Amino acid sequence: MAKTVDQYFDDLRETRVWRSIFRSGSGSSTLHRSLAIQQNVFLHLFSTKVRTRMLSFSATWYLGTLTLGTFLILVATGIPLMLYYHPSVPQAYADTKDLQFVVSSGIFLRNLHRWSAHAMVFLVFAHMFKVFYRGAYRPPREFNWVIGIVLLLITLLLSYTGYLLPWDQLAYWAITVGSNIASAVPFMGSKIHFLLLGGNAVNANALLRFYVLHCMILPLTAIFFVAIHFWRIRKDGGLYSHSSEPATRRTESAAKEVR
Amino acid sequence: MADPKDFAAGIDSNAKKAPRRIVFVTRRTSAQVKAETEDQVQTFPEVLFRAAVAVEALAAILVWIALIFNAPLEGLADPSHTPNPAKAPWYFLGLQEMLHYFPPVVAGVMVPGLVVMALIVIPYFNINIEAEGFFLKDRQRRLRIFYIVAAALSIFLAWFHVIVALVPTLIMAGLMLIASRSSPKSPSAFRRYLAARPLSYWVMTWFLFELVVLTAVGTLFRGPGWSWVWPWQGS
Amino acid sequence: MKGKLKAFWSLLFGDSVRAFGVVSLVFLASLAIAPSKNYFSEWRHYQRGYLKMVRNRADAVTLQRHFQGGIQQIWLPEIGVVDRCESCHVGLKESSLANVSLQPYRNHPVIPHKLGEFGCTICHRGQGAATTVSEAHNSTLAWEQPVLPAKYVESSCGTCHRGPVPGTPRLNEGRRLLASYGCVNCHTIKLADGATMKPTDNPPSLSHIADKTSREWIYAWLKDPQAYATTATMPNFKLSDDDARDISAFLMANSTPISGDTLAISAKPSSDPTAGASLYGESFCASCHAVQNAAGNVVGGDVGPELTRVGSKVKPEWLQAWLRNPRIYNDGTPMPHYRFNDGQIATLSGFLLAKTDSDLLANVHLDPSTPQQVAHGKRLVSDYGCASCHEIAGIKKPDNFAPELSRIGSKPITQILFLAGMPHTLPDYIAGKIKQPRAFTTGLKMPQFTLTQTQIDDITTALLSLNDRANSLPPSMTVAAPSESNYQPAGQAGKLIHDMACMTCHRINGHGGDMAPDLSWEGSSVQRQWLTAFLKNPNTLRPALIRRMPKFNLTDSEVNQLSDYILAVYQSPTVDRDSMPLSGYPAGQVELGKQLFYGKYSCQACHIVDSNTDKGYIGPTLTQVGSRLTAAWIFQWLKDPQALRAGTIEPNRAMSDEDARAITAFLMSQKGGKQQEAAKK
């Protein structure tokens, strides 16, 4: 039975349509598998081969992958949410209420979006600390670490801008408290505050601004940097494997000498 | 080009001074760094499927969370009624906790600014790359610096009554003291472990500890007027 | 066993493709059941329950035809109403479901408004947009104000109806209490139409109190006002002995005498209780003043103070001066100037001074006051805001002494400190605060009022109507209160009307009391001869009533002055008193009128024309109506009674002009004959 399914699948892969899309063709040779990665616009960001040891759960805890996963969930749920949402005062709140009480599965979409957003912030932090404790920031990966920090900030901004959108008390005052910190910047604090909110207080302008940032500018920026982040993994020699790195090996040998 | 066997990818013996590799590109190969041969698997299908499994498992868990727990939604935003306490999103509550003690320009601008700067420059300092036990080399001088920094930080935090930040600092300082008195040959695995920790480890762990404690305190233990409440007290 | 588990594990997750397949299945299954959250939503559950309940009823087909599935909502954007209550309360409009015990399916009781005209939450509060029971009914993070308990629901009528409405006795009474208990002396209440609620309690001035009473009585009164008079509206400030002593010291020291205020008459207070009681009765003192009888019931009106123990309070010489002319001590008092003669004053003062209570002041022993006590008393008077209600020489009436209550009905629950064990709802807080004002924290000044639970609920209802919604409604949706004018009659007659405090009982041009008939159009309605006779010696129009017009001992010139003024000034624009003759109607028309009176319109059901046969006691007796009222007034009254006196119970019978004219002729023939002449003699 399983065989037949495999055969059908192989037949499918031989069709003209399939071949026009995936050029690597059928076959499970190393070449074919390498081509499957190299000739895909998304997958070519990754290297074609990965050290076996890096597949183990303890090596990475899959934190980067999971972060990408939450990002995908957020995009997938965010788009239908946008269909029911007007970034205006006080319609935004009424729309959120409608999502909760009237729209079919609206509350499910909103729940999933919100919990995934929290999960993403948590996972990004966890990813950062995991990378640090594994020492994976070491050369030649130092710039990818910096990109990671940028992605951390983008994630925080994404979450922060999204926090305002329901336009409820929780959102309003969280953003008010958060944005007031910006006013503390010496000399240009009030200017930054004004620029951030599009006014001197959290109001309809701020809502629109945060909406545009949350739904367009920040996701696009995030995608841009995520692409670089992945591409750099390949360019920097694949996932960091502790003992294969020259610096580490030297330290360990040094430690042996001390002993 | 000559026979590829004539060339060997070399590793600089002193990565500290020259952390770069020289790669010889021969015909029909693409640029690839090859540090050492090691067992490798094809990304497709092995890695991609594993990644997909991880993402799907997480998604399934999140779906269940979304089915069971509803996202909070409070009353319509009302600028004239300030909730007490007004809290920022949870990941900023560490900062808000700091704002309770220090002027905004310190807690809101300098601290996060310095944290971000520090995170960015981590890979650009050799001391972070060497990864040697902090107290193994130049012990006396480093101990002196540690004493001065730890004491200054503790006094500073105590001066401003930042108990929630002082406690983790003291715990970390205590651990570092143990580390300084441990040798890599100690019979205790824990002491061996501590002895081998580099400076970057200590600083980052201290930061992580503070971050977790401050965020947890801001999220769970702060009530009206930013006063201390126990989570089970309720209002 | 372990091996089997291991085999099972490797069967599921043995290699990455297998694991991918299994986890994908789990993930897809999770996604597939996600819509169940929507399917099992509460409103669907209730709609299914409704259809199940309806199925076994006789009128199932009708109800099923009326039923509409899905979310039902009332959307009124101009007042911000999005009410989805009918998604679960499916049978609200089905009159046949009146007795259904199973909620949420019972129908809505009949109300003056159409269901859906204003939505549900505008009356019941709660979160209209919600479609789950707990979110819609309870106080949640998203919506503070839960569904209003039924006993307070009249408060919502008050958001639109700014004046009294017949269907809302609780709200009307609550509003009246707010004004008459002096709540608004301390708490400013700005009404939604911009006016400020005015007190009606008329607290006495304390600037000359030493003329009137003793320091011992003030002390006893301050300690417990209700010990002196159970109906006293003065609240109990729970003063310590020392504080009461010092305040009484200050009030006595601060008091200045008024000349003529304590002018005793030569005659001594008479001790004849029968004569006193009969004069008290004849003067209808009980219309305004109450007295506790032997059974402990308080009988009488509540316009003036209760007199049960008045002999323990007032000084005899002050009482006599007051009875002679109350305007000397207090020009604005609602008490009429009765024009008693010295004998009457002696009788009445003797009667009143005998009303003592030996227990009241028995334990009050005050040493002469010291300057420190007086100074401390003055500070206490300022601290407790005594001057908010009472005029006290040398102390300014404080502005906004207590928190403003203009929007108390929308007070955020987060700003409220509740008592332990108290339900965290706004109505409970307001009621609790009225019931035990000092319990909430220490240092509170609000005194303890003596109110029944019903009165507390009434006041709570009135306060709940002062909410944000009331202040944000478009004017087109509100029903304004009848405007209270400041009308004061002018000239010599005006002075007389003021002197006799006519407007304590009578309403004229939108100002005055409601104890006696409105006199705004009295000039159009009555004949001069009757009016002068009535003013001289008021007999009663409605013998069934306890409250009657007292006799004021007016002189002839005063009577003429008053009659002229009333007849000339108080004219209705729609009734020309001279348009119809007072007599001389053809006998045929009179007879026709009589037939209509007894036949077609059956007026005798409420009125008496022939005292031998008629038994109607609801309306006024009409035996002398022909010498009392003008024909034009009777005619217009028959045509449209409500146009002449809004709210009268006289039905509008939609009479033709001919019928009305005939009945007018008949009524004008009722001159009272012998009785009238007997009265003249």
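Each chain gets a letter, A, B and C, in the order it is written, and its residues are counted from 1.
As a working rule, a residue touches a chain if its C-beta (ideal position, glycine included) is under 8 Å from a C-beta of that chain, and two chains touch if they have at least 3 such contacts.
No experiment lies behind these values; they were computed from the predicted model shown.
**Student:** Could you tell me which chains are in contact with chain A and with chain B alike?
**Tutor:** C
**Student:** Write down the chain pair with more C-beta contact pairs when A-C is set against B-C.
**Tutor:** B-C
**Student:** In terms of CA centres, which chain lies closest to the overall middle?
**Tutor:** Measuring from the global C-alpha mean, the nearest chain centre belongs to C.
**Student:** Round to the nearest whole Å and give the separation of the Cα centres of chain A and chain B.
**Tutor:** So the centroids are 19 Å from each other.
**Student:** Measuring centre to centre with CA averages, how many angstrom lie between chain A and chain C?
**Tutor:** 66
**Student:** In angstrom, rounded to a whole number, how far apart do the mean CA points of chain B and chain C lie?
**Tutor:** Here chain B and chain C have centroids separated by 69 Å.
**Student:** Touching at least two other chains at once: which residues of chain B meet that condition?
**Tutor:** Residues 45-46, 50, 59, 63, 66-67, 72-75, 81, 83.
**Student:** Return the residues of chain A touching two or more other chains; collapse runs of consecutive numbers into ranges.
**Tutor:** Each of 97, 107-108, 168, 170 in chain A touches at least two other chains.
**Student:** Residues of chain C that contact two or more other chains, please.
**Tutor:** Those would be 34, 37, 141-142.
**Student:** Which part of chain C faces chain B closely enough to touch in the complex?
**Tutor:** Chain C residues touching chain B: 16-17, 19-20, 23-24, 26-27, 30-31, 33-34, 36-37, 141-144, 412, 414-415.
**Student:** Which stretch or stretches of chain C touch chain A in the complex?
**Tutor:** Touch residues, chain C against chain A: 34-35, 37-38, 71, 82, 84, 129-132, 135, 141-142.
**Student:** Could you please specify the touching residues of chain A with respect to chain B in the complex?
**Tutor:** That would be residues 30, 33-34, 36-37, 43, 46-53, 55, 62, 65-66, 68-70, 72-73, 89-90, 93, 96-97, 100, 107-108, 110-116, 118-119, 121, 125, 128-129, 132-133, 135, 137-142, 145-146, 149, 153, 156, 159-160, 163, 166-174, 176-178, 180-186, 189, 201-202, 236-237, 241, 244-248, 250-251, 254-255, 258-259 of chain A.
**Student:** Which residues, counting only chain A, touch chain C once they are in their complex?
**Tutor:** Residues of chain A touching chain C: 94, 97-98, 101-102, 104-105, 107-108, 168, 170.
**Student:** Using the touch definition from the top, list the residues of chain B that touch chain A in their complex.
**Tutor:** Touching chain A from chain B are residues 11-12, 15-16, 19-21, 32-33, 35-36, 38-48, 50-51, 54-55, 58-59, 62-63, 65-67, 69-79, 81-83, 86-92, 95-96, 99, 103-105, 108-109, 116, 119-120, 122-124, 128-132, 136, 184-185, 196, 200-201, 204, 208.
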